[in-house]
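So that you can tell them apart, the chains are marked A, B, C, D, E and F in the order they are listed, and the count of residues begins at 1 in each.
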Amino acid sequence: MKTIERIPTGIPGLDEMIRGGLPVPSITLVAGEAGTGKTTFCNQFLCKGAEQKEPGLYFMISGGAPSLVFKFASTYEFVKEDYFCREIHYIDLGEAAEKTKGTLDLLDLIQSKITEFQSKRVVMCNTSELQEILEGDYRRFLIKLARTIKDMGAVSLITGETGPGYPYPADIAHIADGIILLHNTEVNFMRRRSVEVLKMAGTPHMSGKHALDISAKGLTVYPGL
Amino acid sequence: MKTIERIPTGIPGLDEMIRGGLPVPSITLVAGEAGTGKTTFCNQFLCKGAEQKEPGLYFMISGGAPSLVFKFASTYEFVKEDYFCREIHYIDLGEAAEKTKGTLDLLDLIQSKITEFQSKRVVMCNTSELQEILEGDYRRFLIKLARTIKDMGAVSLITGETGPGYPYPADIAHIADGIILLHNTEVNFMRRRSVEVLKMAGTPHMSGKHALDISAKGLTVYPGL
Amino acid sequence: MKTIERIPTGIPGLDEMIRGGLPVPSITLVAGEAGTGKTTFCNQFLCKGAEQKEPGLYFMISGGAPSLVFKFASTYEFVKEDYFCREIHYIDLGEAAEKTKGTLDLLDLIQSKITEFQSKRVVMCNTSELQEILEGDYRRFLIKLARTIKDMGAVSLITGETGPGYPYPADIAHIADGIILLHNTEVNFMRRRSVEVLKMAGTPHMSGKHALDISAKGLTVYPGL
Amino acid sequence: MKTIERIPTGIPGLDEMIRGGLPVPSITLVAGEAGTGKTTFCNQFLCKGAEQKEPGLYFMISGGAPSLVFKFASTYEFVKEDYFCREIHYIDLGEAAEKTKGTLDLLDLIQSKITEFQSKRVVMCNTSELQEILEGDYRRFLIKLARTIKDMGAVSLITGETGPGYPYPADIAHIADGIILLHNTEVNFMRRRSVEVLKMAGTPHMSGKHALDISAKGLTVYPGL
Amino acid sequence: MKTIERIPTGIPGLDEMIRGGLPVPSITLVAGEAGTGKTTFCNQFLCKGAEQKEPGLYFMISGGAPSLVFKFASTYEFVKEDYFCREIHYIDLGEAAEKTKGTLDLLDLIQSKITEFQSKRVVMCNTSELQEILEGDYRRFLIKLARTIKDMGAVSLITGETGPGYPYPADIAHIADGIILLHNTEVNFMRRRSVEVLKMAGTPHMSGKHALDISAKGLTVYPGL
Amino acid sequence: MKTIERIPTGIPGLDEMIRGGLPVPSITLVAGEAGTGKTTFCNQFLCKGAEQKEPGLYFMISGGAPSLVFKFASTYEFVKEDYFCREIHYIDLGEAAEKTKGTLDLLDLIQSKITEFQSKRVVMCNTSELQEILEGDYRRFLIKLARTIKDMGAVSLITGETGPGYPYPADIAHIADGIILLHNTEVNFMRRRSVEVLKMAGTPHMSGKHALDISAKGLTVYPGL
């Protein structure tokens, strides 16, 4: 039985559930409905790295300046202003995708950025937007993206929207080594947050839903609650 | 932790739920079924601005003269007749969209109107109608619209229809910083109104459903009820 | 707060629910499953006008001579035989739609008929049939239809089919100022009729389901039951 | 209030529910899942006519010789062998539809057969099969079929399949003056048959589900049970 | 009332439910989810014929040598090794379908095999696979197949997959004279098998679900349990 | 009644449920949602063979080096490091599929690998990814794959994703001789694992759900629990 290298997510309680952190290399799908904390999860993951001087990359597709994403995130205590553009780089993939229109060019861009910043922590946000732009190439792009990221030894989070009737986007799930679900379920007119590790390759993990809180400290998981 | 500039919605009770108002700049999706008060929400938001001499824009797509929208709204007490065409401008985007047929022209028009009237408050009504007209360009239009509005420092409401089985239009949700749901749920042959802030970037907000009343005063929220 | 001109629907009890009648001008979607009384609702609306010498128009699309629609309606007491072709005109839009195949020609025809008969009350039946004939132009047709009817100062009812899983046709709902639902729900092997005003622009209205009876007198609503 | 001419369906109990029979002219959709008795309903309707020397037509689309349809029906007591090809004519529309491939030719054939046999009772079985063959013309075919049949003064039954989630085929329902549903619901591992008149133009009818039995005598309805 | 010729299915208990057996000629859809015993049903039907020296045909589409189908079936006691290629012939229709690519050629092949082996009992397995190969011709193929089989006086079983939400394939149901459902329902973490005759032309049959057992003897039905 | 040759799965408890093991030759679909243990099931099956010096093949499609799949698996006790590339060979079918783009070439590759390594145990992982690449040829590929594998006398596992509303991929189920479902059902905020043999050709098997545990020893089934 081999020991697998891991890096902490930076989310208190979650690392306990997965034997200390995410495997290196690996791709983890973070899925949940709007408002479940996916973006905060990703920023917290990158800030944990930044705290340890590990450079991080945040690839985004949808609209709004990268600085704004950071500004909204900065209401959380774990964000330090000098991380921005030093330890953590926000890159708008949407513009590049429209210009190149080619899967290979896009993979080249991602690969060159990871090389440039020597990033071990890579976030891909709103990846499903690429489905519209890449069309028939989308799934093949995902398969190659997975290979690229893992061949470079990086640990990547890919966010995924959840809709009524499907718990996570199936096409991203296919290429993911891990799947983490963020729930915000309505129980008797109240919302109750929880986190669930559905799958984590090479990692005996705790199963079921565990209480999740989102405060000024970001996400905190209470395993067993 | 940064402080984020905010403007009040003008809806009593709602601003308490979101730390004083909507972030500047930002885009908020206001979603709900027919008859839940989306149009009234938007007019109330613009009239709150007009009261403070902030110019507002109401982009509409569907049929009927702009004056009629205002006339129907004017049954509410918060509407003052002299707001019309002075503080609040109703612009029919549908005609422009059909003539130009180009995403870029449409964005130009929106941008030029925001510049012309120096509007900080911008409402986009029935945006999903553009889906038919712009077709394959629709999602890219939304991504660019989000960038345009936020680059201009405006605060925008975009209304979205809710259908059975999906709580909000996913494509608008993807570009929105905030999502507010208006419910009108049937409970024992009675209708019960409520409002729910599902997501608000950079804003620790109250979660769950809160009682909503619609009267001659417009929408009133009772947080905690 | 302005006062809005209204005309009575002619359905006892319903006018009480909507402050005396439908706003002038406006478009109201009357939606329900087969057998809920949509056609009777429309005929009752036109006969109320005919009684007061207001000319009415009934645009139909589906098969069967206009005289037959009137003949089936004539089993109701509110129908007087001499209304037919004098106060109320039944016009088969289906044939015209197939011949012209153009949205503009069809709108011209509708407009010219409203002008010819000076109709304030206009019914559009089985409008969704036009979806097949107009195809990609259908939604744009609806938007322009709404503008035309309201610019002419008319009050229009548009009927809409309800299917399992959707309470009303979304595309017609988008252009409607009001939405009235007719229910015929199965409760313990019994059918129970009710009416519900889901939305009525410029009209503070009673919400929820109210008992509905269909007899030889046509529809009667019992608000509060 | 006019009196509408009616003809009996031949199904004991059902005629009581609809004021003596089906209106002349009219089209009634008979819908139900496989095994609910739609074919038997239609044969019983034609045999009732044959008994009174009223010639009937049974248009069929699916496979198997017309004689076989009659042979299977002949296990019921109401079928007399000498009706076949004398009072009741079975015509395979499927072959004609494939040859002509034109909506107008098909309508011509139907019209000429109704004229040839002077049929007041006309059954159309498995009409939805034409959807495949006529494709985009299908709905227009239905609209014209309705007009043709009613202009000729005939009373027609059109059978329709029911699937899980939709109680009747919407496109046929749109052109029908009446809708009769045949249920065979599973209650506690038992099947329970019932009939329901959902709609009948010009006919104040009993609503709700009423017990239905299928025996060697064919369908029998017990109104009120 | 005519007497209809019938042949036994060979399944103990089932023949009692349908007045002694399947009508000659006729087509019966045998539908059920994976693992409900459809293939065993068909082999049992053919072996019953083989026992009485009636030659049978088993048309298959999916992969694997015909001998393997027989080998897997041969774990049942009703299979005698010398039936194979003598009384029962397994014919792979998939290869022929791909070569000919024509509906008519395929029907010719089926017809010639029925003639060659003088088969009264004909099984068609995995017919829905032809949907992919024949595409737009599939439904017309089914209609003609039904006519061919019945014109030749054969009794045919066609197997059909059941999925969540639809109890049988609608297109095969349309051409079938009989429909038999095989259930394997989960009740309190246990599976419970049952059989149900949903429809059988010319055959007053027992309705509802009846207990079904699958053992080394094949299928056994316990009517009334 | 013939005796069918079988090989053990290597999963304690499961072989008891299916009379000692999987039939030779045969194809078994192993279906379940993400995180139910499909990959572990397959590795355990191959390691059982490797333990007995039976060479195994693991065809994979999605991204990441084959060595990584083995590395993640190696946290289980049943994996011995020297199996890799000696007894068990991981082959990336995705790259080959993109290069050849032909169904026949792909089948040739699979066939040549089975021949080269004399593999009796063959795993196909994420086969549904081929659907995108092979498009219209996908189902025909599956049919031929089934024939190829069985003609070579191999025993194959094909993994299949399960989504909400469908328990297994229908197209793979059609060509499978056996179907094994892995469940991870939520019961009162807890997850409960179970295994179910839905179908196994030529194999009288235990039905219903049986408790499943996943630990460092891999999958263990407790039949009867």
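As a working rule, a contact is a pair of C-beta atoms (placed from the backbone, for glycine too) under 8 Å apart; a residue touches a chain by one contact, two chains touch by 3 or more.
Keep in mind that this is a model prediction, so the values were computed, not measured.
Using the touch definition from the top, how many steps at minimum link chain C to chain E?
The least step count works out to 2.
I need the common contact partners of chain B and chain C, sorted by label.
Correct list: empty, since no chain touches both.
Between chain D and chain C, is it the same set of residue numbers doing the touching on each side, over half shared, or a different set?
Here the answer is different, because the shared fraction of interface numbers falls below one half.
How many degrees of rotation bring the Cα atoms of chain A onto the matching Cα atoms of chain B, given to the nearest 5?
Rotation angle between the two copies comes out at 60 degrees.
On a C-alpha centroid basis, what's the spacing between chain C and chain F, in Å?
Here the centre of chain F sits 59 Å away from the centre of chain C.
Compute the distance, rounded to whole Å, between the mean C-alpha positions of chain E and chain F.
Once rounded, the distance between the two centres reads 30 Å.
Let me have the rounded angstrom distance from the C-alpha centre of chain A over to the C-alpha centre of chain C, please.
Taking the average C-alpha coordinate of chain A and of chain C, the gap between them is 51 Å.
Going by the touch rule set out above, which residues of chain A reach two or more other chains?
165
Please give the residue numbers of chain F that touch chain A in the complex, ascending.
The touching residues are 33-35, 39, 61-65, 68, 71-77, 79, 81, 94, 98, 126, 128-129, 132-133, 161, 163-165, 184, 186, 189-191, 215-216.
Spell out the residues on chain C that touch chain B in their complex, using ranges where they run on.
Contacts found on chain C: 1-2, 4, 23, 25, 136, 139-140, 142-147, 150-151, 165-168, 170, 173-177, 179, 198-199, 201-204, 207-209.
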